[in-house]
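Look for subunit A in each of the two complexes below; its partner is subunit B in the first and subunit C in the second.
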Partner chain A sequence: MKWLGLAVAALLVTTPASSEIIVATGDLGLVVERASGSLLLVDQSERGAIARIGGLGDLSHASLVYSPDQRYAYVFGRDGGLTKVDIVKKEIEKRILQAGNSIGGAISDDGRLVAVSNYEPGGVRIFDATSLELVLDIPTGSKTIGLVDAPGRRFVFTLWDAGETWIADLSGKDPVVSKIKDMGQNPYDALITGDGRLYITGLFGEDGLTALDLWEPDPKPIRVLPEYGRGQQDLPVYKMPHLEGWARAGREFVLPAVGHHEVLWIDGESLAETGRTPTHGQPVFAMARPDGRQVWVNFAHPLNDTIQVLDTVTKEVVHEFKPGPAVLHMEFSPRGNEVWVSVRDAGKVMIYDTHTFEKTGEIDAESPSGIFFTARAHKLGL
Partner chain B sequence: MKWLGLAVAALLVTTPASSEIIVATGDLGLVVERASGSLLLVDQSERGAIARIGGLGDLSHASLVYSPDQRYAYVFGRDGGLTKVDIVKKEIEKRILQAGNSIGGAISDDGRLVAVSNYEPGGVRIFDATSLELVLDIPTGSKTIGLVDAPGRRFVFTLWDAGETWIADLSGKDPVVSKIKDMGQNPYDALITGDGRLYITGLFGEDGLTALDLWEPDPKPIRVLPEYGRGQQDLPVYKMPHLEGWARAGREFVLPAVGHHEVLWIDGESLAETGRTPTHGQPVFAMARPDGRQVWVNFAHPLNDTIQVLDTVTKEVVHEFKPGPAVLHMEFSPRGNEVWVSVRDAGKVMIYDTHTFEKTGEIDAESPSGIFFTARAHKLGL
Partner chain C sequence: MARPFFAAALCLMITAGSATGAELLAPSELLKLVHQDCGSCHGMSLKGGLGPDIRPQILAHFDVETLSAIVLDGIPGTAMPPWRPLISEADAKRIAEYLLKGEIK
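Our next item is the complex of A and B:
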């Protein structure tokens, strides 16, 4: 081996001053600390915390999205707060109270627009990602859920009361809103597949789910598992499962069953059921490792101290362990070698190797819930 | 709307000094300038160039990968050079000449190991990603091609002369190398699917391709399109197509045909042919937009001034245009709203909206070829 000392030609900029603080943001993340209304900034490679950012209001059920440069997080709080956090400067850049009660948000595929889904007043509000100025207000007269981004500067969301899905297209000069009726009774959550093609809503008021093929010029509701759902439940539903947790594993989806101790497997093309796997408890999240070979499942209270890992080829449980009390969320490293787990009542985020299942680290956190790595900036529908 | 001025509690760090230069790396990229042996650092959001970094040696056929934090690029030059570039400081951090003639590289899923595939001497060398110290030398006695990373700290590569694929597993204390024979005559390139499951080699010495299912405990060669390939060519092969350009669109793959003016469609499960689309010329890259709805195709000399865009539902050409002389490479923004195109003999990188096909920008570059956005850091097999 031969080492070469080569001259560097930096033609367009001069060498930065030594006082510069270098922040590469590709392996950072934010952990929601719901009890204290704060975010813990973490470094995946170092398996450690870098900073705590407070003053975010009510962070129960909070979620967030990232700007394309992975510098800013947009945090959607339950109290209607929309907070733009600069993870390089490690401070809040701007915070507005945009509604009384909100339930998630999304960022457009070009990174220029941030949308928030609101219960009170019901509707979607869309903001300029730089200034947080209101760009468009779409009142729906209904609690609004399941807001996601779709390719082509679109946002898709669903009306709990009216059972409609609306598609807001902001690609042209004037916004265009399309409305799809008959999505079913009381849709409570929704997801979009990673390719932005299928939008699927879970129903609270009737059995089954409803899908839309967004590649169709005029999408029509498609019933999925019409005989399965909460109507048949033989157990109390402690917590409705998160549809964002739907996993795509190879050509199948994995779905946390509602009110049952099992997960369901569904063919990605026909949307027909292909199998069921009995689980430890009522699943909350069923998350696929990025390569789709494993699905990690956590459970509702009172069985929420446990994680089960399923092999997607055999559909069998291949590993089970108890990270600690109140396992609330899991986030995989972008290429899937590790998983980070929020264990709320232990006050810890635990880190595991997904191949050996060994614990590789832990981080103190105040009642941690959602974990969001910056790689989400580059994915559709997250 | 109500604006709140909130106090920020930065508990673990102090506020950075105002002299700080802030660099968030999520929307950056590098353009290979092959004639001058330099890299152009670009900003996707600004649609502009930030810096030029020179001194990288022979960059014909060069490729690169990124560290998980998106701070470092590892550049694989044809001259055997392995260069670690700090895109935050905008300078070369280290450069070694690790072989006489190399042909691509990969980074392990944990970001700790960088592997390089060599013609001369034939084999793979694996380096510590931080120090570039040699960790493992795997001589193969053959020109070595098609090197990719696979989940579980593995590298997969193929021997041109011996027609074998080797899997190096570096997850345990000692490395384990498995060898799969009978991959076919003179494999010239390979790819791994985005889920890390299928490894597919193109053959120069016989018709067809060979696949491996890496989820099998003992993968066996699977013949793909055994009656199709260069053996049947009715046109001179100006340039063997890049298999890295294989596109996954929904459940199908799109493959640039060898020596024909067409692309082939293959079922992602059965690997059987599902269709052919006639094209303007011999395809070089057939790249799927991240949502899989479009495939963009460029062509070999002398028809390399043109791009065709295919719709993956109809398999038909929906758009054709001429960006300029010598279109060498295309790279989509991570969520697919834009595409960047290297037009070598125009000395430009052109930027297009993938929905309207309008040109949204252009950047001067010296004989640009490969374009690599930092979002690649978070993907398997890139």
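Our next item is the complex of A and C:
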């Protein structure tokens, strides 16, 4: 987007008193600068940075969601901070400390509620998206992970210690929380599919994953790949993998294994295993390009300087390269032509063409981690 | 199933060779390892995450030997992995001292 051009045009055609600069946000994004507690506002079309917004506290493992109008970002910090950032004004609108230690959040399908999952005190707190006032507190007595939004003004989340998934339904006058036991030992993260039907949680304490069919009136745990590591020696896990809604690749799901250097492929309907691909290291993110034709994988310490690209038809590695030290995150442009990669210890966000694998740009950033494009605003579970 | 970290660590020691005897990490590298990589689970400021709070006041009841043994061999049955395949015993001791005292030797 041509910021300067628009701004100049606006100034030329209007009087100073009523001047109004139109800021379109559909091709913008935010990069988390974890060490300095700041966000870098970036422009996908210009492949550049626009502004830095500081004062967001401890942003290690920070993530964010967008309001439906793609104007506001709700940033979830490790220190329990919930910050509402106005990316049009490029400033913090409101910031609260809602817990001692938090891990992520979600926004409801109607954009009115923002939920945060917390480690300390364990549970989920739900806030009004406009005012950030507390709407509902759901203590779980457990570190709470895998929080996603689900259709029908619901939030779904999972208890690391207790191995339960809870569904909070805020569609009616009074909230209803239903609990599903026996999800497995130490679920570490979860995802919801783009259609809102399947909620899949990955397990650390045992092999496999557990799925819930949210279209069922009374969802029951469905075990997926319960013995995928059988007969193999588990390797140490120096960083937990992440699960998000980008797991769908064509007719299959692609998921990181835990304690094994491979990604797992399962059929999108039957959830039966369809293959495994050995990888460079412990996968952290296995992200399907939006069209599902490729999967990009990065890895845990100490093998985190490398990315492998898998073809989803052959399930083979078709490209491998080393963007630099500590590749923490990747984000595809909405139609998948480019991928942006944060390389923490290089202090850069690198941009690549996903068809030619050529580097098309880079942006300076301070210890960049998560990259979040505003297109996420219109996707369930992101 | 409890994940057999211990066995994995031993296995890696035998196959890859122990890192013992390697040169010490530079203080800046050691700090980066603790805050970024231990920080994956314990938080960049070590206040805790999926893993527990490991700031000095919380760890005060540990001695250096116990703590460096946990760093090297992990805690079987938990998410704490063994770091022996990646760091030397001397560096594990320096990490333990840093965690207890807040400064690097």
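We adopt the following convention: the second predicted complex is superposed on the first by the 357 of 382 C-alpha atoms of A that agree within 3 Å, B and C clash if a C-alpha of one lies under 4 Å from a C-alpha of the other, contacts with A are read in each partner's own complex, and residues count from 1 in each chain.
Criterion: a contact is a pair of C-beta atoms (placed from the backbone, for glycine too) under 8 Å apart; a residue touches a chain by one contact, two chains touch by 3 or more.
Nothing here was measured: the structure is a model prediction, and the numbers come from that model.
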Winner by number of subunit A residues touched, once subunit B and subunit C are compared: B
Examine A:377 and indicate which partner it touches, taking first as subunit B and second as subunit C; both and neither are also allowed. first
Return first, second, both or neither, reflecting whether A:89 touches subunit B, subunit C, both chains, or no partner chain. first
Just to be sure I read the superposition right, which of the two partners does A:110 touch: subunit B = first, subunit C = second, or both, or neither? first
Using the touch definition from the top, say if A:35 reaches subunit B (first), subunit C (second), both or neither. second
Under the stated touch criterion, which partner chain does A:259 make contact with: subunit B (first), subunit C (second), both, or neither? second
Return first, second, both or neither, reflecting whether A:60 touches subunit B, subunit C, both chains, or no partner chain. second
In the superposed arrangement, which partner chain does A:186 touch: subunit B (first), subunit C (second), both, or neither? second
What is the contact status of A:334 with respect to subunit B (first) and subunit C (second): first, second, both, or neither? first
Just which bits of subunit A does subunit B share with subunit C as contact spots? none
Touch list for subunit B against partner subunit A, complex: 1-4, 6-13, 15-17, 19-28, 38, 44-45, 49-55, 66-71, 88-92, 94-98, 109-111, 134, 151-153, 171, 195-197, 215, 250-251, 268-269, 289-293, 313, 333-338, 355-356, 374-375, 377-380
Subunit C partner, complex, touching residues on subunit A are 34-35, 58, 60-61, 78-79, 101, 103, 119-120, 143, 145, 160, 186, 188, 204-207, 233-240, 259, 300-302, 326, 344-345
List of subunit C residues in touch with subunit A within their complex: 1-5, 7-9, 11-12, 32, 36-37, 39-41, 43-45, 47-50, 74, 79, 81-83, 85-86
